[in-house]
Amino acid sequence: MAISLLTPEFIIERNDERCIRCQVCVRQCANLAHIYDEEEDRVLADDSKCVNCHRCVTLCPTRAITIRKNPLEFKENANWTASAIREIYKQAETGGILLTGMGNDKPYPVYWDRMLINASQVTNPSIDPLREPMELKTFLGRKPEMLKVENGKLKEKLPPQLELEVPIMFSAMSFGSISFNACQALAMAASELGIMYNTGEGGLHKDLRKYGKNTIVQVASGRFGVDPEYLNAGAAIEIKIGQGAKPGIGGHLPGEKVTAQISQTRMIPLGSDAISPAPHHDIYSIEDLRQLIFSLKEATDYQKPVAVKIAAVHNVAAICSGIARAGADIIVIDGFRGGTGAAPLRIRDNVGIPIEFALAAVDTRLRQEGIRSQVSLVCAGGIRNSADVIKAIALGADAVYIGQAALIAMGCHMCQKCYTGKCNWGIATQDPNLVKRLNPEIGARRLVNLIKAWAHEMKEMLGGMGINAIESLRGNRFMLRGIGLTSRELDILGIKAAGE
Amino acid sequence: MSYVIIGNSVAAVGAVEGIRNLDKVNPIVIISDEPYHTYSRPLISYYLAGKVTQNNMYYRGKDFYNTNNVEPILGVKAQHIDFDKKEVILEDGRKISYTKLLIATGSKPLTPPIEGVEKQNIFNFIKLDDAKAIEKVATRCSKAVVIGASFSGLKAVEALVQRGVNVTVIDIMDRIMPRVFDETASSMALKMLEKHGVKVLLKASVEKILGHQAASSVLLKDGREIPCDFIVLAAGVRCNTDLVKGTKLKINRGIIVDTMMRTNIPDVYAAGDVAEGYNFIEERNAETPIISNAYKQGETAGQNMAGAQKVFDKGFIMNSMPLLDLSIVSAGVSSPGEGITVKAIYNQGKNTYKKFYIRGNNLVGYLLINDIDKAGIYTDLIRRKIDISSFEHQLGRDDFGFIYLPKALRSQLILEC
Amino acid sequence: MDKSNITAPKRIYAKEDVCIGCRLCEIHCIAAHSKYRHDLIKTFKKLSKRPLPRIVVEEDVPLSFGLQCRHCDDPECVKACITGAMQKDPKTGLVINDTERCIGCWTCILACPYGVIRRDYTNKKVASKCDFCLESGLEPACVKNCPNEALYIKNTIKYYDL
Amino acid sequence: MKVIDASGMHYKDLNAMIKQLIKNNTSEILVKNVQGQRYIGDGIGRNCKVIIEGTPGNDMAAYMDGATIVVHGNAQDGVANTMNDGKVVIHGNAGDILGYAMRGGEVYIKGDVGYRVGIHMKEYLDKKPVIVIGGKAGAFLGEYMAGGIIILLGLNVNDTQKIVGNYCGTGMHGGVIYSRIPIDSYKLGKEVKQAQAEDDDMEIISSYVKNFSDYFGFDYRSIMDRPFVKIYPYNHRPYGNLYAY
Amino acid sequence: MLLREGNIRIPSGCAISGIMNKKGLLFSGDDIVKSIALMHERSNGLGGGFAAYGIYPEYKDLYAFHVFYHHSGAKEDAETFLKKHFEIKLSGEIPTRKVPSIKDAPIIWRYFVLPREDKLMEWGLTEEEFVVRCVMRINSSIDGAFVVSSGKNMGVFKGVGYPEDIGEFYMLDTYKAYIWTAHGRFPTNTPGWWGGAHPFTLLDWSVVHNGEISSYDANRRWVEMFGYKCTLQTDTEVITYIFDLLIRRHGLPLDIVVTALAAPLWDEIERMDDERQELVKAIRAVYGSTLINGPFSIILACKNGILALNDRIKLRPMVAATKGDFVFVASEESAIRAVCPQPERVWAPMGGEPVIALLEGVEDIWP
């Protein structure tokens, strides 16, 4: 076999003074980067296998290990960067499509970081959330244009709504892309927090049906695991049209990941590829979307809100207007930084638009058309902290989805190798030896902690703005000012510049 | 109400602790012909080897009698029991009356019918006094002959080797520890003993013991003469029923007891090596002269004497014997028999040997040499009569453990501790 | 049985679903029982003769779990012990081997239903078993250092109520 | 048998009425004058027969889980979409994407079907969806097919080339398509191969053709008078080498 | 140049006061001026104003337009527009007095009008909606013209200055009304624009408001979906529109509207019975964007009566009192006692608890 031109990306450094040869690293590295040499009584490293996931670093009881970027340099070249060269080597050696995991990591501007949040000074008071009421409860679902009240009673019941204690949900991550333990942790946390998690397109494992009240079941083009029982098992149904990480293309769970449990959950044979077509083949046009929305409503007796999730693309505002008019109760827009278990690198890094613009454009458009209040708007794709959530809601979102942040909370170290199925943290893997590394109870606890911490921070920020109910922030763009943005960008975001 | 226990070894201790579990008040009397605080007989080989001091041989702490309100009558032999009057008559004439009586007189050595066996420097190896006597003659480079390659004989060999004595072992059988060992096990042991300079003469029967007053050599039937400074007799033991022989107490090889340790006479119990209790593997009454058995029988007897209704029906033989470099454990059935499948795995490289006796779906016995750390799991499989059919093929693994038990069984066992 | 006499011990249990087979429990157990008490580097770098781990990780990939002395209510090892070294402490409910008295006859190994007593030849030939880290204030090193909370301590009083 | 006159009814009302009748344990419902009402039979899990006179609208029998629907007339697009169980018998033609992602149950069409029929059909354990087409099928028949059986009879086809459109079985990675007329290889996707149906195949085919003949009054023998071919995937992992790892 | 209301959002603090006679008895503007003047400290001289109901009994069926013109061109344009859409029954300058502190007054004109039948037909709107659209058209597209009020039998008198000076300027002692509300303004910065003073009105609605709401843009962007144009960018304006939308257009009863604007807290809702809970949840779900968040106390007035309301966690002061048929509401108790020294009942309403006073014989605040 010809020599590979790919040099190790990382170097494993072991402090021999500290290494006690306990071999925890050897046992923990699914990539086999650590090797114990019995003859020499030494632990050695195969740097080429290291993905820098920090599993060994974290578990080493004497902190003997550190991992560095390989200092090996190519000749400096602003155009032919190291990654550009390495990608060519890789493709020249395999002839394959480059795959990657998690969200777009290219240095496109992050617009969240170019928006600043307001606070009250003198003319109205900031509110102290520790002692005064501060409300984050949010309803997702179709709202009538007006309420009809007769004799102090509702004349017509509201369409079904999702009631969230915090306007944050765990976004669609299928059992298959992530492990059962990860799914369970998300479900347990959602249930404890009074929010929703989303099955993704992987079906719903029978052991997780008990979390139905906090579950959004997804219907994607592959229709895996979709049957009437599934549709009725959750609190809402989400039709997945697209995903921010890979707009316009389908998904593909390779057969080796279709384990017994996955086969059961997706209702497909063991070991066979699970292919999600790029489009829903029953939706080739917007009126077909309406057909699917209502077929789902028919199948569930109009008891479940139906969400439609799309990737943020160029014409997103008009598309969302169409979706709202097609009968969706909730629209989910997933920006180009959205995560994924596996996506072609070129697609992930080059297709789609930032969620900030998409969200602002959609909210503005729906308001111009006077239909914003009828449909709920959820944004997703690279939400990293509570300030991002606050900004998203001020731009016009009802709630946000977090995927990558949730995974990181559970232990993901962003090595972006999810597609290999060898996640050392037990998240993006089906290998039973790795899956058990994620203790669902610990995962759930960490998720609950994260959301509670964010909720607390959000309350602080709301209090600072003199707002004590999240709905008063929704679309309240006066609370945002742009920094370092062009006037065109400010226009699209619908906000003023800092200082205005 | 008064409890009397004849005997001061493990069964007696078990009985005291069993009684005191329920009855903290009524007096207990312990009678023993040995003058010592309760000690562990198997420790005599360690004593002889110099591994334990007499102080460390005590089976329970110095204050054992005190804290348990026991009146020990030590160094005085019980002469007779008057079952009608419920009295024990001591050799000094004292009469100790009892409400409940436990006979726990243990076992005594078998003296082989060999000419010259009465000479000096010929010892049994069962009591502390035996060890103390041997200690005096077993000097470095002295020569000893041990007659009987049995469990106790080999423990004596080990002790003597460790004292620097030149030892020759003689046994009439073709292998050592014939009741437990097969050819393979025996040859492993032989090899090891040879390494330590022990001569083992098998298929050899002793004609007579030569010497004036003291033994000076052993003459074998084949004419060989083995010179020696002293001899240890290890031809086996039998139940020590001397005290009750010829009374109305029912005796077979030992005193016959039911699973509550009751003899045929009301308020009289027997436990330990002297008793012939229920052996649940052989499914009949038989002696099971091992410590854990003695303790449990004693404990059961004690509790029942104090008014409980306890049953002990799990008696079976098991033995652990570290022999110089070998670790040997065995339990239950130790020879092939009808309906028993034998599985044996000998690993020459690792010098380990495993042998399992399986009857139907149950493990009924095993022998392990060297790789013994998980032995107790096998013992428990026997004790609980666990259906091993689903994991039988895993039994002989080097890493055998709970992990190879079915999950449900594993959880059940872990919960039931 | 008179229940008032028995102190229900706390026991360590393993969640085998989340045991990751890293064996950090064993490593910390060794250190906790070495003369350097919890100093891993010194324990492993300076001692050629280290204590045995008293928790044993059994592994049959992907299944693994640690198992250590159950400190049984009715301990077989105590009854089998020929020296009286193995005793159940009536106060703590722990089964403790007095290594001063233990002479390494392995009868306890023969008797232990869990196979969690091991032969330790490190110094003196003695049986090695979990002592619930008695000297570290009953905070077992294995439980404290399990990175995935696969080991936990549970008071077994409930068992007595059955 | 209950009769519903569907003229002028909105689908929501019609379907609610059908569901209510089923809830009341009605075993047979005749729906007359159906004209484009969608979603008939969606998600119905009970054993019940719904007979339709007219032209039912799209997504008929979607997510259906055990009922029987008989259509006297043509059906439109999306019949048996993601159907789980049950039976659909169409005495006429049917439109596009019939049996999309269907997991179980049987669909019999007397006449022709449209494009992308049986697309992404799958099977699981005892669930094995079956589509029997009396006439011809459009392009992309059995695209992405992951399981189940499509039987293509081509009874009314004079020009054998027209029994199915192009890209038949493209992306197929499970299941089987049986055709009574061999399919020109240029029409097949690169993931599938064609072979003569064997004895056990014929056994499967004959049981469904028997049903087909019974439903629509065809002569079973004359349908079975010639050998069938089968189209099946090379493997279950068609895209194993697509990616650079 | 400094931007004025409409170009920029200018937070302001204020004093408010309102007096109503429930029998519809008319009384002069002296009291309201006295009451608001007492709270001089709460204003900064950059805005004051009054709304009065019942002042034009002889023209009570005509829409009374009070209009500011900043130049005569604006007046011409506006009058052209008015003539095109309305029959102007009567018009003329609103009489004023010279007051030294009041400067830069615009041309202040008054019209009594009726919508032209043909235009109503052409636009296909109700009379009220037609008036609303026309007022918004003038305010947003005719530079220099601003319709101050447009209801029937009512009018708003406001300007830049302390409220008592504004009252003097407009000679309010000469008017008689059964409802008077008043506003003294403390804007944070403004060149002082007459149109930017309060009350804000729409049709019969007038609102005086104290506080700066934090939910402003959420409220604004919501009402704008329903065709309102928030040209002033003031809280008062958006609150007025919310009331108009919910009461007049959505036909919701006042208590529901109050529940939307000053919604009960979730923990309170949890304690309600199921039916009430479902209703209130629905209100919060559907009208979440009308929740007025942050400090406010308002007096909404219309021909049927007044509503005084505090925000739900009571960040702004408000006191109410009654005596006989009179109802008083003000930012401070002393402002009430200034005109009614011995009220029968004085109380401070709780956060979110409305004070509603309706004319005898009417059922709700609208119609």
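Should a chain be cited, it is by its letter among A, B, C, D and E, assigned in written order, with residues numbered from 1 in that chain.
FYI, a contact is a pair of C-beta atoms (placed from the backbone, for glycine too) under 8 Å apart; a residue touches a chain by one contact, two chains touch by 3 or more.
Remember, it's a predicted structure, so these values are computed and weren't measured experimentally.
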Chain B to chain D, fewest steps along touching chains: 3
Labels of chains that are neighbours to chain B and to chain E: none
Chain nearest the overall Cα centroid: A
Farthest-lying chain, centroid of Cα atoms versus that of chain E: B
Centre distance in Å when chain B and chain C are each reduced to the mean of their C-alpha atoms: 28
Whole-Å gap between the CA centroids of chain D and chain E: 67
Chain centre separation (chain C, chain D; CA means) in Å: 64
For chain A paired with chain C, centre-to-centre distance based on mean C-alpha positions, whole Å: 44
Shared interface positions of chain A, touching two or more other chains: none
Pairs of chains, among all present, that meet the touch criterion: A-C, A-D, A-E, B-C
Residues of chain B that touch chain C when the two form their complex: 14, 21-22, 40, 42-43, 46, 51-52, 56-60, 291-292, 295-296, 299, 318-322, 327, 329, 331, 372-377, 379-380, 383, 399, 401-404, 413-415, 417
Touch list for chain C against partner chain B, complex: 1-2, 5, 11, 13, 56, 58-60, 63-65, 67, 70-73, 76-77, 79-84, 100-101, 103-115, 117-119, 125, 159
Residue ranges of chain D in contact with chain A within the complex: 11-12, 15, 19, 38-39, 42-43, 45, 58-59, 62-63, 65, 77-78, 81-82, 84, 97, 100-101, 103, 116, 119-120, 122-124, 127, 143-144, 146-147, 171, 173-174, 236-245
In the complex, chain C residues that touch chain A: 15, 17-24, 27-28, 40-41, 43-45, 61-62, 145, 147-150
Contacting residues of chain E [partner chain A, same complex]: 9, 11-13, 188, 211-219, 221-222, 224-227, 249-253, 255-256, 263, 265-267, 275, 278-279, 281-289, 291-295, 312-313, 315
